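Residue numbering begins at 1 within each chain, and the chains themselves are lettered A, B, C, D, E and F in the order written.
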Amino acid sequence: MPSLDPVILFFILGVVAGLSRSDLRLPAPIHDFLSMVLLLAIGLKGGVALSQQPLGEVVPQVIAVGLMGGLMPLLAFPVLYRLGHLPRADAASVAAHYGSVSVGTYAVAAAFLAHHDVTFEDHMPVFVAVLEIPAIVVGILLARGLEKGTRWGRMAQEVFLGRGLVLLIGGLLIGLGAGPEGVAPIKPLFFDLFKGVLALFLLDMGLIAAGHLGDLRRHGVFLLGFGLVMPLVGATIGATLGSALGLSVGGVALLSTMAASASYIAVPAAFRMIVPEANPALSLGASLGVTFPFNILLGVPLYYQLALQVHAFMEAL
Amino acid sequence: MTTHSFHRRRLVTIITEATLEGAILADIDALGPSGYTVTEARGKGSRGIQSGSWGLASNLRIEIVCDETLAPKIAATVHQKYASNYGMVIYVSDVEVLRADRY
Amino acid sequence: MTTHSFHRRRLVTIITEATLEGAILADIDALGPSGYTVTEARGKGSRGIQSGSWGLASNLRIEIVCDETLAPKIAATVHQKYASNYGMVIYVSDVEVLRADRY
Amino acid sequence: MTTHSFHRRRLVTIITEATLEGAILADIDALGPSGYTVTEARGKGSRGIQSGSWGLASNLRIEIVCDETLAPKIAATVHQKYASNYGMVIYVSDVEVLRADRY
Amino acid sequence: MPSLDPVILFFILGVVAGLSRSDLRLPAPIHDFLSMVLLLAIGLKGGVALSQQPLGEVVPQVIAVGLMGGLMPLLAFPVLYRLGHLPRADAASVAAHYGSVSVGTYAVAAAFLAHHDVTFEDHMPVFVAVLEIPAIVVGILLARGLEKGTRWGRMAQEVFLGRGLVLLIGGLLIGLGAGPEGVAPIKPLFFDLFKGVLALFLLDMGLIAAGHLGDLRRHGVFLLGFGLVMPLVGATIGATLGSALGLSVGGVALLSTMAASASYIAVPAAFRMIVPEANPALSLGASLGVTFPFNILLGVPLYYQLALQVHAFMEAL
Amino acid sequence: MPSLDPVILFFILGVVAGLSRSDLRLPAPIHDFLSMVLLLAIGLKGGVALSQQPLGEVVPQVIAVGLMGGLMPLLAFPVLYRLGHLPRADAASVAAHYGSVSVGTYAVAAAFLAHHDVTFEDHMPVFVAVLEIPAIVVGILLARGLEKGTRWGRMAQEVFLGRGLVLLIGGLLIGLGAGPEGVAPIKPLFFDLFKGVLALFLLDMGLIAAGHLGDLRRHGVFLLGFGLVMPLVGATIGATLGSALGLSVGGVALLSTMAASASYIAVPAAFRMIVPEANPALSLGASLGVTFPFNILLGVPLYYQLALQVHAFMEAL
């Protein structure tokens, strides 16, 4: 068995400290700083990759991945609404969280693959940016329908100008504009420190996740189950699509992880403003309290195995 | 030092979720007070704990000094628009200010 | 806009050392108010300057909106338990709230 | 729990530019209150938006609990010295404290 | 055409995010942290340079550069006061801003030269520290005259103990004391991360500059014009002086940039305390809303061209 | 004479800026961030060392060092209580501060040794963690006796779950679990930046120490004397024990420094909660206002000389 990546150990430290009521706490400005560096770094990496690649090859993949992000909430919504008896707004909100993507989970998976010397397509970060949006739009449609009252302009602003997406896409465009030599002088901060910053970020996310375990207790076993099963469903969809798009094993594992992960930045922020009657404790309880720890601790290696299987299966065809 | 006389005004204090900042400040501004003051806060209420550890778990504390007519208007407008869906506490109190013309 | 009537409540404000956070919030909570709000503060008092430059030199400002019965209870309990050993200022004032049922 | 009686005092609140911190706190101190409390703030007023994004664009919120004589003195001194050139809001309100001897 | 340095792209990202009302924002403690690292790093670099150089050579340059800083407000003041009809205090304040220097602009120019493999004298950071002060003193004299009321002791404290200058000069002295081997173990933070930190700082400055564009609209076209023309005048003065002092092309370009730049840290802080009737929205509107973006985006390459011209001209003499 | 390590110069800059009332200040979130990185880094280093060493060898040393930490307050208490006439709670508190350890001082000593190419045992950070606790327990016993009222459970929580110890021991366990290759990807942040982070931390500690010099003036000459003499006593005890445990010269110097240093994180936090009648201005005035600067500026090189002497003496036996 491969040893645990130390960044995971930082997450566990955070969870344990949080659950045992240590007074350990990262100040909010440091949380913002760490996630800002992560988002920019991931964007920059993707942008540099795009700068060296014929865009024509990436566009069809982008469309396919975007469609996946839009369809996943449609799959999750009926389960949450009919089976889970969640109020419509909550069902739509949770569904949108799972159609979107967790940047932290992506970073852990990328680190896992690097740790095991598995290569992957350099432009994978583009898919992180692409996956953020469609699920939000579909989620809002599910909550609101096509009723007249919806202020789509306002919505577009909330979605596209949220800080997460601005940093991710801003990083992408800077990486695209600057290219590999251009970003070389900022490499020490954004690339060399990446895993250290990720470690501190995961320590903080561990503390935050520990706080959300309580939410979950209040909202019962259905959400717990959903938070464990939905990632597996997502992972399978992601792995299948990745394989169909001809990605490498590493790429399949990453797309699988993205599909399995649930947003805790862009989607809750957008829903808080646009569908405010959706209870954020519910969606964050599932996304941060269950799915994030599950993916970080067990999911990522599992999805890598899944990628190996799917790849072997496709080769055998 | 010259004598200064104090003038009675009202202070509206609103404690709510930090995500609401842009929207609620625009709404308050539209009602025409001479200004407002914002401080970062955390807390606990009917919607659970806001630990302040990141944006979604943070509160704001907004203060508006205004006259007796505007205070209930601000309180009621904000309450009506946001209180059912967002963590929110509003209270109003009496204060005295030096410059009557400013608020 | 519908007419809203205001209801008289009390606001307890406690300024004390940041190290006390866990303990004092638990004690306040145990007395049963509907919530509390915390902001970071610094200051000066009989125990010297709290510069706010690190945890041990930082203060908290805690606010609790509650009814006329609970306010002196919170103030007295906290005062009795902590005021002799910790930097502490407590004051109580009148406020008006919109929703009588919440505090 | 022993009965505690409350004593009427005044609370002076000053909202002003963060650059003024050293000077204004020295002036307040010189007037002899038992202490003061400072919190970081941002806001909007007649001088535009103080976004809080860096020192020059930040505000402070200063609170002083004191007696009925000192309150107008602090308010007037600070107002006279700074209000014409600096973003500034001052208001005074009634509070009740437990320990009469401290303020 | 040389590609844009990526740090510039971070500034543009900040401006665009600010103007489009994204909720992107760097917490104030992070702003302080980033500018602290930049100021210390620039000071350290200059101090290490001084430690390896006969001080006798630098002193005459320091005096000449200091004089330039003191004379520039005298040039700018009548324009602002007579032509621009600004109140006396405001004219003096704006003049002082332009006689002083912007550390961020200096850092961008130094990065630009490094990006284009242009060398420059290692002790250039010394001039940054030197330029901070004379313009403040002259500006206060312009505002107040030699009236008795001025509390020069208090003023000296505000000027010399401002955090910007303390960090810059503190860094200089540490670099001077420790020398190149001494600072080696702190190189990874202060030197290797420099451009990454500068990138994040410029992202923040872009957000802040976007906020000051509004100020400008309110204060009219005269300040806009001044904010665009004064840098060109300053650049010419700086380039001429640099050349006369026998600096290399890179050194001339840097001194030209310093002269062209306008303070937004030391001068506004000092004027806020000592000449408080000067309106900071006015001087920061010009300095941060016009001159900083102009210099960052267009000025720096321009001043490099200017340095090439001036150098060629002097050689030809 | 060897040149001053530049991190010391940062401390001096902080003290000078603080005493001269500069407005230089590090925001509290940055203080937290810097000390968090230091604590984790020291823990990680120790953990990696433990992962490569038979634990059996370390255990006896750990026990001996822990005993030293518990005995030192018993030595200091009577001096403070009888000779200094401090109230019982204050005497116990100050004694506990000096039985425990200052992480910042340890880091400076380790940097000093590295600067002078003196090697030391890799597992020294383990002793830092070990030394934090026994002095607190003994100190509380000294203040309270074995009276029934003491809530030992609550006390254990305050002591073991304090953020300093959680980060130090968390780092140890992560380093132990991940081993040298495991921590390699987070090396750039935690190890390469270490001295830069330490420099900034010491700048801040200089500002804080300057603020505590005033406390001292108020509490008189006895504490000043204690703050200067106790480290020398501690250093001698530490050097003797280190030598008896067969540590290298570098290891002896480090253990001597640890014994000479006084806590300003774990102990004051624990006493504030458990023995609140002890006046923190008193213990921090001695620990931060006297002993920390003394150790940083003069103590560390002295304790290294002491280690050389003691080592030579033991060899000669």
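In the analysis below, contacts are C-beta pairs under 8 Å (C-beta built on N, C-alpha and C of every residue); 3 or more make two chains touch, one makes a residue touch a chain.
Since the structure is predicted, the reported quantities are computational estimates derived from the model, not experimental observations.
S.K.: Measuring between Cα centroids, what's the chain most distant from chain B?
M.R.: F
S.K.: Would you mind checking which chain's C-alpha centre is most distant from the centre of chain E?
M.R.: C
S.K.: Under the over-half criterion for shared residue numbers, do copies chain B and chain D use the same patch or different patches to meet?
M.R.: Different: fewer than half of the residue numbers at the chain B-chain D interface appear in both copies.
S.K.: Hey, which pair has more contacts between C-betas, C-F or B-C?
M.R.: Between the two chain pairs, B-C has more contacting C-beta pairs.
S.K.: Taking each chain's centre as its mean C-alpha position, how far apart are chain D and chain E in Å?
M.R.: Centre-to-centre distance between chain D and chain E: 35 Å.
S.K.: Could you work out how far the Cα centre of chain B sits from that of chain F, in whole Å?
M.R.: Centre separation, chain B to chain F: 46 Å.
S.K.: Which integer distance in Å separates the CA centroid of chain B from that of chain E?
M.R.: It comes to 39 Å between the two C-alpha centres.
S.K.: Can you pull out the residues of chain A that are in contact with at least two other chains?
M.R.: Counting only residues that touch two or more other chains, chain A contributes 21, 23, 25-29, 32-33, 188, 193.
S.K.: Could you list which residues of chain D touch at least two other chains?
M.R.: Within chain D, the residues that touch at least two other chains are 39-40, 52, 93-94.
S.K.: Under the touch definition given earlier, write down the residues of chain D that touch chain E in their complex.
M.R.: 17, 19-20, 23, 40, 47-49, 51-58, 82, 84-86
S.K.: State the interface residues of chain F toward chain C in the complex, per the touch definition above.
M.R.: For chain F paired with chain C, touching residues are 25-26, 28, 31-32, 204, 207-208, 211, 215, 268-269, 272-273, 276-277, 280-281, 284.
S.K.: For the complex, which residues does chain E have touching chain A?
M.R.: So the residues of chain E in touch with chain A come to 3-7, 9-10, 13, 17, 20-30, 33, 111, 114-115, 188, 192-193, 195-197, 199-200.
S.K.: Show which residues of chain E lie in contact with chain F when the two form their complex.
M.R.: 27-29, 32-33, 36-37, 157, 161-163, 166-167, 170, 173-174, 177-179, 182-183, 185-190, 193
S.K.: Give every residue of chain C touching chain D within the complex, in rising order.
M.R.: 13, 15, 39-46, 52, 59, 61, 72-73, 75-77, 79-80, 83, 89-94
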